[in-house]
Each structure stands twice: as structure tokens, then as C-alpha cells.
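Each of the next two complexes has subunit A plus one more chain, namely subunit B in the first and subunit C in the second.
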Partner chain A sequence: MTTLTDPPKEQFRLSMLLYDTRYRSATIQVIALIGFMLLAAWIVSNTINNLAALGKPVEFGFFGEPASYDINQRLLEYSSRDTHLRAAFVGLLNTLVVAVLGCITATILGVVIGVLRLSHNWIIARLMTVYVEMFRNVPVLLWIVFIMAVLIESLPAPRAFRGENPEASMMLADSVAVTNRGVYVPEVLFSNSLGDIHLFGASSLRFDVSLDLVAFLIVLGGAIWTSRWIKRRADGIQEQTGDRPVTWWQRLAVFVVPIGLLMYALGFHLGYPELKGFNFKGGTHMRNSLIALWLALSLYTAAFIAEIVRAGIMAISKGQSEAAAALGLRQNKIMNLVILPQALRVIIPPLISNYLNLTKNSSLAIAVGYMDITGTLGGITMNQTGRELECVLLLMLVYLSISLTISAVMNWYNESVKLKER
Partner chain B sequence: MSDIGYVRTEMLPEKEPPASEVGIIGWMRHNLFSGWINSILTLLSIYFVYKILEAVVPWIISPTWDAGSLSECREILHALGREGHYAGACWGVIHERWIQLIFGFYPPELYWRPIAAFVLLGVALAPVLFADKVPSKLLIFSGLYPFIFPWLLWGGTIWGPISALLGFVVGWAVYTLISKTMSGLLGIILGVLASLVWWLVISSYFVGAMDSVAAIGIEVVESRKFGGFMLSITIGVVAIACSLPLGIVLALGRQSDLMIVKYLSVGFIEFIRGVPLITLLFVASTLLNLFLPPGTNFDIILRVLIMVTLFSAAYMAEVIRGGLAALPRGQYEGADSLGLNYWQAQRLIIMPQALKISIPGIVSTFIGVFKDTVLVSIIGLLDPLGLATAIRADANWNGIVWEIYGFIGLLFFIFCFSMSRYSMYLERKLHTGHR
Partner chain C sequence: MKKSVILGAATIAGLAAGAAAAGTVDDVKARGKLNCGVTTGLVGFAAPDANGEWQGFDVAVCRAVAAAVLGDANAVEFVPTTGKTRFTALASGEVDMLARNTTWTFSRDVDLKFEFTGVNYYDGQGFMVPKSLGVSSAKELDGATVCIQTGTTTELNLADFFRSNNISYEPVPIETNAEAQQQYLAGACDVYTTDASGLAATRATFENPGDHVLLPEIISKEPLGPLVRHGDHEWGDVVRWTLNALVSAEELGITSANIDEMAAGTDNPEVNRLLGSEGTLGEMLGLDAEWAKRAVKAGGNYGEVFAKNIGEETPIGLARGLNAQWTEGGLLYSPPFR
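Here is the complex of A and B:
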């Protein structure tokens, strides 16, 4: 008979920290942590010493001081007597404006180009390939600066619109003026306006919300909800009886009638730009910097979105649409129920990361003088106050929170559309 | 059965397909005019292409190569009877400034140095890029090239790069010595420490001593004379070369089981990816000197290089992580069952496959970094875009737009487009039938 004995109990020795796989990972982590903390401490102490030598302690009091510079393209009222914080806030809104505008335009353009690139029409497919390669392979900053230069150099000056026989004329039934000082488009005006709500009193973050817009959004939301309800009801009837009631006119009417009534009640009209003296007055003035940035970012990002859309559609195998056709689904049902849900799962994640890129690329506004958050906080405010550390860190923080918000949305979406597998 | 009047006994010859189905006409019918919508689209695009060519071709063909200013261009075109804003291109600006757009303000008598550096870059890259056509002995040269490259561009004593190289040699010697006699991990740590000690402490004495013994060197060129495409390519190449190893380390860190290492990597990657490059360049131009010991003031190009490298490393890490995640679990388990340790498994099994999968992503990151180098013009470096602004501000060339941006755009297009074609070639070559 053999006797089983416990293996001899090993004494813990210091060398086991290096040789024993049970302890080695802890050793590595501790070394990594110590190294990181040493590095961080070194950088922080250097920074403190350097700032002390320069006589610039870290403080954010300068945000309360008057900015004393002007922001020419803005959504909120702002004057040069406002604070640096107000300027940064206006800049942040400008960043969001160009990002949202750019994302919308880029998506529309990108989807159209991506689909056309798959066209059987040889010449259309080639033209779209040329577009995609042309925009993808040239830096976006070059496009921004180039479009800005073209706008300034080759569009007519406002004075070209004057006189009996002007060299230039306004477009779209005299409503849009394209000049080298920017584009003037009609503005939305209400004669019986409901007024504004003033949020945040007189602080730097004060914010006016137009009640007309709020009313419009409420009515629009109600219309969307009612339209969905009509669709669900029609679906229910179809399930029970097999006949689907005709609903398109109801669903159209719940949008058109309430919105039309609201517009009438508010006294909706357009304010057209007019040439007065040496410049256009009235209307909304979109400056060249905004147009150049918007156009360049959209055209550039559209090339990437086109590739994503093309890859997404090509990723769906032909068998899927054939199987759907064999089930007797019609063409639009095949697209809505079979192809799109699968293609979107492939398309959406890279699409959102492209939105993220567009938002980050909008920081290049500083090259054409559009006053976004980089132009205000990271540009003039930083140069005027000399507070590089605070400004750059805050700027990074702002972009980081925008990015993290967008990626949180993306992760949530990814979870919700993930293939439910075992 | 004799009332069968006629039975054909031989086959009829095959008929030609109808003329509308084959040849150029058939191709056009299928690809251009397959329906009325397609026909309209085709005609519209042909008209569109015609309009563009009609505007662009006469503009390009413009005999203004020798003009010295924009007004001179206009006079030449006027003499030819061509009027208007887009009468013709003014190529004089390219003729006068193309050297500047490529080399910046690099001393003309030293142009051979950047040219040699980039030619040698091709030689050094050849064994990596076209592994099957070039003798692998050249890899030794590729390993030495990172030390030759900065020396050729910036000049100075030859002992500087040699001392930097010796740092690696010292680290490697310590590592092999320790890992043979004691543990591998200790070897890595002590090896890195030995290299750092060499670079930070001994190197300057070594260079000084060797310089006094044998002063071999070439003329120093200051960073502010760098510019044009030379600057873009320098930043791009260095950032790409340094970010690949850094990205691999970060990706492994992010996939690692070690929690602290993982969170440090995740934090770094997400931070860098969440902010625009321009803010990192602001850090390079204003803050980096604050982060270092008082009195440190090193070159702006070096600072930009550091930040661009960190930036691209974060993106590279994500690409490589995608490749690591795409590998089937069985590969990791197979490596474990063979008894390979972590680094052996990574080196022999995981990395070759993961890198292969991530080639398209790596190359598109390369292209992105190269395109992003133009951002340095915002912090005042004279890359092609910065030079273009300077040229457009020149009284002679005030009002030039298309020519100069077209030239810069074309050069960028050639670089980036050929890189993307190369990645396609590599994908095809490395495609072994299964993914």
C-alpha cells in the first residue's frame, strides 16, 4: 500500500514574486502602477514648479472677466462686454451647430453616393468612385481652407447685385443671396410670437428658448405619436381581419393640419434678405467660414459614409432578398423588413464613429476663423489671458464629454441591435 | 411510315447573337442604357463630365509657366485674347515655389540629405513591404535606419545616433545576461533601466568624449528651416513607425487580464481618441514644456512628433485590438496547449494572425495620420498648407487659389491613394483562404 502524503508545504519566498505565475501578475501590476504614479507625480510637480516660476497659479477666475472680443456668427446674443465663460458657451453652441448640420448633410450625401456606387450604370458608378477617392485621399483641412478661398475669391461682392443691370442676381425667386461675404437666406419670423423664456437669469450661461419653437416641437411630437397610433391600429385590424385600412391620408393629415393651424395662429412669414447700401440686410446671414466648414466637413465625411453604406449593403447576402421574395414579400417590404435591419446593424457603428470624427474635425474651424469652442476658448481666450493650461484642459474636457456621450449612445444602440444568439 | 417527307440530318450552324447584345453596343445597352432612368442618368453624367472637362482642360492648358506674378499671368493670357476670372491657370507660382513647397527653407546646398534620407527609407522599407522579392539581409539595414534618418535630416555629430543605438545594445546585453542567469521579467526591467541610465546619464559624456577624439559630423540644420512636404513626410513616417509598436503594446494591455494594466491602457486610448488632434497640438506648442523639468526647452518639431505619435498609437491600438478580438478563441487555447508562455504565444501564434487581419485598418490609420500632419500649420509650422498661406499673402501671388491648393492636393492624393492600393495588394497576398 502506498500512503498519500500532502506535498511539502511551500514556504513563501521572495523569488516567487518573479517565478511563480500565481504572484507574478500581481508583481507586474504593482510595478506598472508605481511606474505610472511616479510619471504622473513627476509631471505634476514639474508643472507646479514651472507655473510657480512663471507666477501663474492654476485658477479659473479669468472666466468671469470681460472677453472683449467679438463673435460674428452666433446663436445667442453676445457682446464683447460679456465674460470669457459666455464666449466659450457661445463657441460650444457653434461647434454643435456645425457638427449637427454637417452630420445631416454628410449622411444624406453619403447614402446617395454609396447606393449609386453600387449602381449597374457604369459611368455613374465610376463617377462616384472618383468622388470617394478624391475626398478620402486629401486632408480635410486642405478642403476647408480651399473652399474658404474659393468662396472669397470667386463669389460676387454685394455691390455686384446693385444697379439696373446687375452682374449677379439672387437665387430661388430672390430669396437667397450668395455673396463673397457669406450666404443670406430667408429667416423664419412670427408676427404673433409667443415670446421667449429666459433661462439662467443674467448669468454667463443665460439662454433664450423661443416658445414658438417649443410649441412647434410639441405639435410635431404629438403628430408623430398620433401617426404611430394610426399605424398600430391599422396593424391590429390587419391581424384580425386580414384587410389593411387605407391610412396614408390620415397619417399625412395629422402632420399637415395641426402644424398648418399653428403656423397660421403664430403668423408665420419669411424675412427676406434685401440689399441696403453696401450690404444685405435682413434674413439669416451664414458667414463664409461657416459655409466653408460645413461644406468641407460634409463632403469629406460623405466619402467615408458612402464606403460604409456600400459595405453594409454588400454584406447582406443575395440569398436574404431572394428568400424574402420567395415568401411573397413586395420590394419595399423586402427592403424594410429584411435588408435594412441587417444592413443597419453593419452600418450604424462605423457611421456613428464617423459622426464623432466630424465633430472632432469641426475643431479645424480655427483655420478659417469660425468661432467654435476651439476658436474661442482655445484661441482668443487662451491668447488674451495666457492661461494655456486651464484653457487646453477645459477644451479637452469639453470634446471628451461630447465624444463619450456619443460613444455611450453607440454602445447602447449596439447592445439593442446585437444578434440574439445563444 | 413513308409519308415523312423531310428529316434534317445535320445541325444548323449556330446563329450569331443579335448585334444589340454583344460587343460595344451590347455592353452599352447593359451598362449604360438598361432602362429609361439609367439612360437619363447616363446622359446627365456625360453632360456633367463634359462641362467639367470643358471648363478645366482649357484652364490647365495655359502658357504661364514662366510668369513671375499673377498680374504677369493675366497679361500673358490677355495677349492670347483670353479674358475673365478663369481664363487660365497661373502656373508661374508652381514653377517659382515648387521647391519650397517640397523642402521648405532647408538649405538648398543640402537638399541631397533629405533626398538621401527618403531614398534610403525606400530601401529600408523594401524588405518589410515586399518581403518575398527582396533579400532579408536588408532587414539589418532597416533596423539601423531609424538612427540614420534623424541624423541625415538634422545633421550634427555622428556620435549622437551611435550613442542612441548603443543604449539599445546595452539594454539588450543586460536583458540577455539577467534572463539567462535569473528571471526573464527581472531581465526586462533591468534592461530597460540600463538603457535609460545610458541615454539620460552616460550618453552625453560619451558623445562629448568621442567628439573630442574624432569629430565626425555633418552640418546642423535647425528645425525651423524644415517645411513643405519634407516636414509632412517626416512627421508621418516617424509617427507611423513609433506608433505601431506602441499601439501593439497598448492593444495587448487593453486585452490583458491584469486589471491595472488594462485600465491604464483603456484610459489612455479613450482619452486620446476622445479629443481632436488639434488640442494635442496645442499641448505640444504650449504645455509640453510645462510638464518637463524647468529649463527644458526642446524643439517644436520633436514636441509635435511626440504628440502625433501618442495620437496615432491610440488609434493603432484600437485597430490591432479589433484584429486580436477577431481571432478565434481556439488559437489562444491551442497556443496554451502547446505549452507556450504568453510572449511566445503572442510572437508565434497570435500577433502574426492578428496583424494580418488588421492590415487594412493599420494602413488606413497610416493614411489618416499622414493627412493629419497638415494640422501642424495651425500651430505655425510651415507644412505645405502653411507655406500656401504664406505664398498667397505674397504681393506677387495674391489671389492664387486653385493652382496652389490643386498642386498640394494632388501630391497628397498620390501618396494616400498609392498607400491604399498597397494595402489592397497586401490583403490579396496575405489572404490564405480563411479568415
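Here is the complex of A and C:
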């Protein structure tokens, strides 16, 4: 007969933190963490003390002061009497504009080039290789400056459009003016405009939302929903009867008719640019600094995206396309229905990091005088107020927030396309 | 972004170091070289010549200080700075002094913690336009595109000028004078605005200077002068009195040609005190007796420096105007050497 005895209860002793392998690694990590935090605290307090000793304590009150400088490209109403905070806000929107435009263009270009680089046509494939290597291997700052220089030096100045026999003339039935100060395109105007909603009163973050735009988005959303509903219905009929009703004209009509009616109701017309005084007036002015930055960032990032797309496609085994071909699918259907959906799983994660890179690279804007947030908050405001630390910290926070937002959105998209494991 | 972060970090590091470091005079002597912040290139004020030697009106101030402190007018390391980077470079200790067309303003002196050591050029902001535009006054510039150096007082004056005259403009911010020149000449901007002296200097480098005019309006006061970090008063005194020595030398008739003769002793006690044959002014400053003699000898007195670099005989062709001695109706007025 055996007796069962409980194993002796081990008492926890302090020395076990060091000698017991179960606890040792945690001990080391905690000590390292404390050391790191002490170091960080020392750096922070040292900085604050030294700034205070210099008579420059860390404070953010200067944000409420008038900025006193003008910004050329502003999506919001802004004058030199507005505060530094508002100038930073205007700059932030400029950063977002170029980042969004850049990401879209880079993606389209990148996908096209990546696919073409795998083309069986020798010349096209080699041309794309040249493109990728050329843009990938030269710093993006040089591309920005180079494109800006080309725009400034090669395009005509507005004064070349003047006179009886002008050296330059407007394009597309006198609606678009391409000058070395930027491109002027017709702007959308409404004669029965619904007006604006003013948000945030008179604070520095105030902005106006155009009700015309809201109405347009609502109608567009409704049209998309209806179009999907027609598609689902057609799918249902096809399931039941085997015949797919012809729906393309219905789906087109739900877009064209309501939007057309809305435009008519709002009194849609175009405002054309006109040469008045020193510059073109009217129309939408896309400054050459925006164009140079946008183009350079898109072309540069597209080279990286092209490689990612190529890698993604090559990751799909050849058997897939052969099987699809055996089913009788055509080349473009194989690409769109079989290869790309699977390749997306490989493509999306590195694509996220390229979007982040593009956004961060947009801070090179000052090289061409594009007033993004680095140019306003981290440039003129910092220079005029002398608050380097505050401005740089805030700038880092802003870029961090933008990057984390992009990451979050793209990760959410990645969840939706990645391989579903059940 | 990247640049700003580095500069910001450098500032913090520099501030931390600056608090503990000894006086700048000793630093400069120990180093054997003066680090002087200048523009990235503005002919007449600070630009490298064909041999790569920095030449110009602001450069002469650096050389005079180096001659006074180190005894060698060539012991200067010139650090080109832009309107945006200059203050960070000075605050972080990367340069010992700035001699870079910098306007003396209240907030730079008081809030940015710098010490202006005097004025070496009384300037004002002007406008340059191509003659072919047919503009005769800045008030006719409604709707014009204006090239402007970012991070300068001119940027603020410009906003105020157009605002108070109720006319509009399109600012094109640029970083350096060279970029502004490129954009202006290509017609990407109608107008270039900066200090009138800078406009004259820039115009002098154009292929056809006669095709461009300076408009009559001077829209601001721009007293330009060298500056040092706030708090190091010994160093501030050295720079201040070196500049004053150049001004006084002109007033007292001391030139680089007659200085050796006058240093031997004259009937004028102030000349003797300045040039060290009498009194102990140099000692009080922490330098030797001949500091001012060397400073003047480096490039001549204020008038000689002016005439050689930006005066009427040079392509830049600036008249003395406000920058004449007080005895001749100008504003130059050095406190006495006593």
C-alpha cells in the first residue's frame, strides 16, 4: 500500500528571481525596462531643464498667436491673421491631399507596370524593367527637384499667353492653361448652390462643408446601392433560370439619371480660367509644386509597388493559370478572376508600408515650396516662433497619427482579402 | 521632416551641451578657428569666389572677428545656412556667430534668445520686377506671383504689405537665393522680394541686369547685423566691438593703407586707444592690445569693406545712403572707444 503525499509546497523566496529559470528572464526584462525608462526620464528632464535655463520653457501658447504669413495653396479659408494652429491645419490638409493623390496614382501605375513587366512581349517587359530600376535607384528628392525644374524651365510663363500672336495658347478648346506656374483647369460651379455648413464656429479648426458635395455623395451612394441591388437580382434570376437578364443599361441609368438631374437642379456649369493681370484667374489652379511632388512621389513609389505586384503574381503557381486556361477563360479573365485575387494576399502587406513611405516622403515638399505641414508647422511657424522642440514633437505626432490611420485602414482591407481559414 | 527632426534633435543636444560649455571666446581660441554662419550664396555679401574663397560684406565681419581673436583673418570656417536653418545652427553651437543678412527684431532678440551685436547694414525690403512688365509701383502688383525666401522677416512684411493695401498675391516660398533666381528668371514668379541690398546683389549676377528694375517702395526697416547666442556676454562684446572698431576706424580716418603708420602712435588719443598704443582696451575684452588693428587690417575699415564688396564701383553698385557715417548724414554711429 502506498500513501500519496502532496509534494512539499515551495515557498517563494526573493533569490528565486535570480536563480530560478522560471523567473529569471522576467527579472532581467523588468530591470532593463526600468533602466530604459530612467534613461528616457533623464533625457526628458534634462531637455526641459536646459530649455528652462535658456528661458525657453516648453509651452504651446504660441499656437494661438497670429501666424502672419500667407500660404499659397489652401483648401480652407485662411489669411495671415489666422493662428499658427490654423496654418498647421491648412498644411495638414495639403499633406493629406498629396498623400492621397500619390497613393492612388502610385497604385494604378504600379499595378499596370508590375503586370506589364511579366508580359511575354520582350520590349514591353524590358522597358518596364528600365522604368523600375531608374526610379527605384535614384533618391526621391532628386526626382522631385528634377520634375519641378523641368516644369519651370520648359513650360511657358503666363505672359507668353498674352498679345496678338501669343507664343503659347490654351488647350482643349481654351479650357486648360498649362503654364510654368501650374495647370489651370475649369472648376465646377453651381448657380443654385445649397450653401455650406460651418463647423466649429470661429475656432482655428473651423471648416465649411459644401452641401452640394454632400448632396452629390448621397445621390452617388444611392446609385451604387441600387446598382448592386440590380446585380444581385440578376444573379438570383440567373441561379433560378440559367438566363442572365441584360442589366448594363439599367445599372448605367441609375448613375447617369439621378446625378444628371441633381446637376441640372443645382445649375451646374464650368468656370474657365482666364488670363487677367499677372496670372490666370478662375478655374482650379494646380500649382507646379503640387504637380512635381505628386508626380515624383507617384512615379517613385509606383516602381516599388510594381515589384510587389510582380512578386505577388509570381507567387501564384503556374498550375492555377493553366487550370483556368483549361476551363476556357481568356487571358484577361485569368488575370482578373484567378491570379490577382490570390496575389492580393501577398501584395497587400508590403503595399501598406509603401503607402506609409509615400506619406512620409511627402515631407520633402519644402524642396519645391509646397506648403505641407512640414512647410507650415515645421518650417515657417518653427522658424518665426523659435519653438523647435514643440513644433517637431507635434509634427512627429501628426505623422504618427496619419501613418497609424493608413495602417489601420489597410489592415482592415487585408483582413477582408486574406485567405479564410476555417 | 527628416531635416527638421535632425535639426530639432541637434538643438536639444546643443542646448544640453551649451549649458555646460565654457565661454565661446575660449572655445574659438582652443579650436583655432572661428565657425561663422553665412548665406548659402549672395554675391557681394557672402559667396565663394572663383578660387573657392568666401568673399563679401558679411564675410568681412567674420574675418575681422577671426583676425581680432585669433590673429588670422583666414582662420574662419564658413558654414552656409538658409533662412530656415540659420537660427538652429547658431542655437545649437554649430556656428559661433551669424553674419548673414539677419534682421534685428524684437522677437529674435528677446524670444529666440539671440544677441544682436550691432547693425552692419541698414536695409529695407524691396521688390524686383522685369522691366517688360511695365510696373512702376508695388501697389500695382495685385494678383502677382511673388517669390519669397521662407523663414525670413520679408515673408511677414510681404503679408502685411499686401494686406494693408488690400491687394492679393500668390506667394511662392523658396529656400535659397539661387532657387529664387532660377524661378524668377524662368518667369515662374513675376516679382522677387527680399532686402533691397540682396535684390541689387542678385540683379548684378543676371546676364542682363538692365532688364530688371527695383520698385521705389521700401516696405520695411531691415537692420541687418551679426548675432551671437544670448547669455555669453564676453563673446557678444568681442563681436560687437570688432564691428564698432571697423566703423570707428572709418570715422577716425584709419585705413588699411595707413594703419601701420597710425598704430605707431598719433596725436589723437582715441586712435591710440583703438589701435592699442595707449590704454588697455584689448585686455578688458580678453584679447591682446592689437586686436582692433588686426581686425581693421583684415579687410580695411567699414568704408573700405563696403566699397570693395557692394559699393558703387562694384557691379552691385549700392550707394552708402543710410549706411554713411553719422557725420555724413548716415546712421553709422559707433560708441566711443574709451
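The rule is simple: the second predicted complex is superposed on the first by the 385 of 422 C-alpha atoms of A that agree within 3 Å, B and C clash if a C-alpha of one lies under 4 Å from a C-alpha of the other, contacts with A are read in each partner's own complex, and residues count from 1 in each chain.
In the analysis below, a residue touches a chain if its C-beta (ideal position, glycine included) is under 8 Å from a C-beta of that chain, and two chains touch if they have at least 3 such contacts.
These numbers were taken from a predicted model, which means no experiment stands behind them.
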Which of subunit B and subunit C A:Q331 touches, first, second, both or neither: neither
Touching partner for A:E133 - first (subunit B), second (subunit C), both, neither: first
Which of subunit B and subunit C A:D70 touches, first, second, both or neither: second
Touching partner for A:S363 - first (subunit B), second (subunit C), both, neither: both
First, second, both or neither for A:L51, with subunit B first and subunit C second: both
Touched partner set for A:T405, first subunit B, second subunit C, both or neither: neither
Touched partner set for A:S79, first subunit B, second subunit C, both or neither: second
Subunit B versus subunit C as contact partner of A:K276, first or second or both or neither: second
Contact residues common to both interfaces of subunit A (with subunit B and with subunit C): 46-47, 50-51, 53, 149, 153, 360, 363-364, 366-367, 374, 378, 382, 388-389, 392, 395-396, 399
Contact footprint of subunit B on subunit A as seen in their complex: 15, 18-19, 24-25, 27-29, 31-33, 36, 43, 46-47, 49-51, 53, 119-124, 127, 133-134, 136-142, 145-146, 149-150, 153-154, 360-361, 363-364, 366-367, 374, 378, 382, 388-389, 392, 395-396, 399-400, 403-404
Partner subunit A, residues of subunit C touching it in the complex: 1-2, 4-5, 7-8, 11-12, 15-16, 18-19, 83-84, 87-88, 91, 107-108, 111-113, 132-133, 141-145, 150-151, 155-156, 158-160, 162-163, 169-175, 182-183, 186-190, 230-231
Interface residues, subunit B side, partner subunit A - complex: 30-32, 34, 38, 41-42, 45-46, 48-49, 85, 182-183, 185-186, 189, 257-261, 264, 270-271, 273-279, 282-283, 286-287, 289-294, 367, 371-372, 374-375, 377-378, 385, 388-389, 392, 399, 401-402, 405, 408-409, 412-413, 416-417, 420
In the complex, subunit A residues that touch subunit C: 46-47, 50-51, 53-56, 68-72, 79-81, 149, 152-153, 157-160, 180-181, 276-279, 281, 288-289, 360, 363-364, 366-367, 369, 371, 374-375, 378-380, 382-386, 388-389, 391-392, 395-396, 399
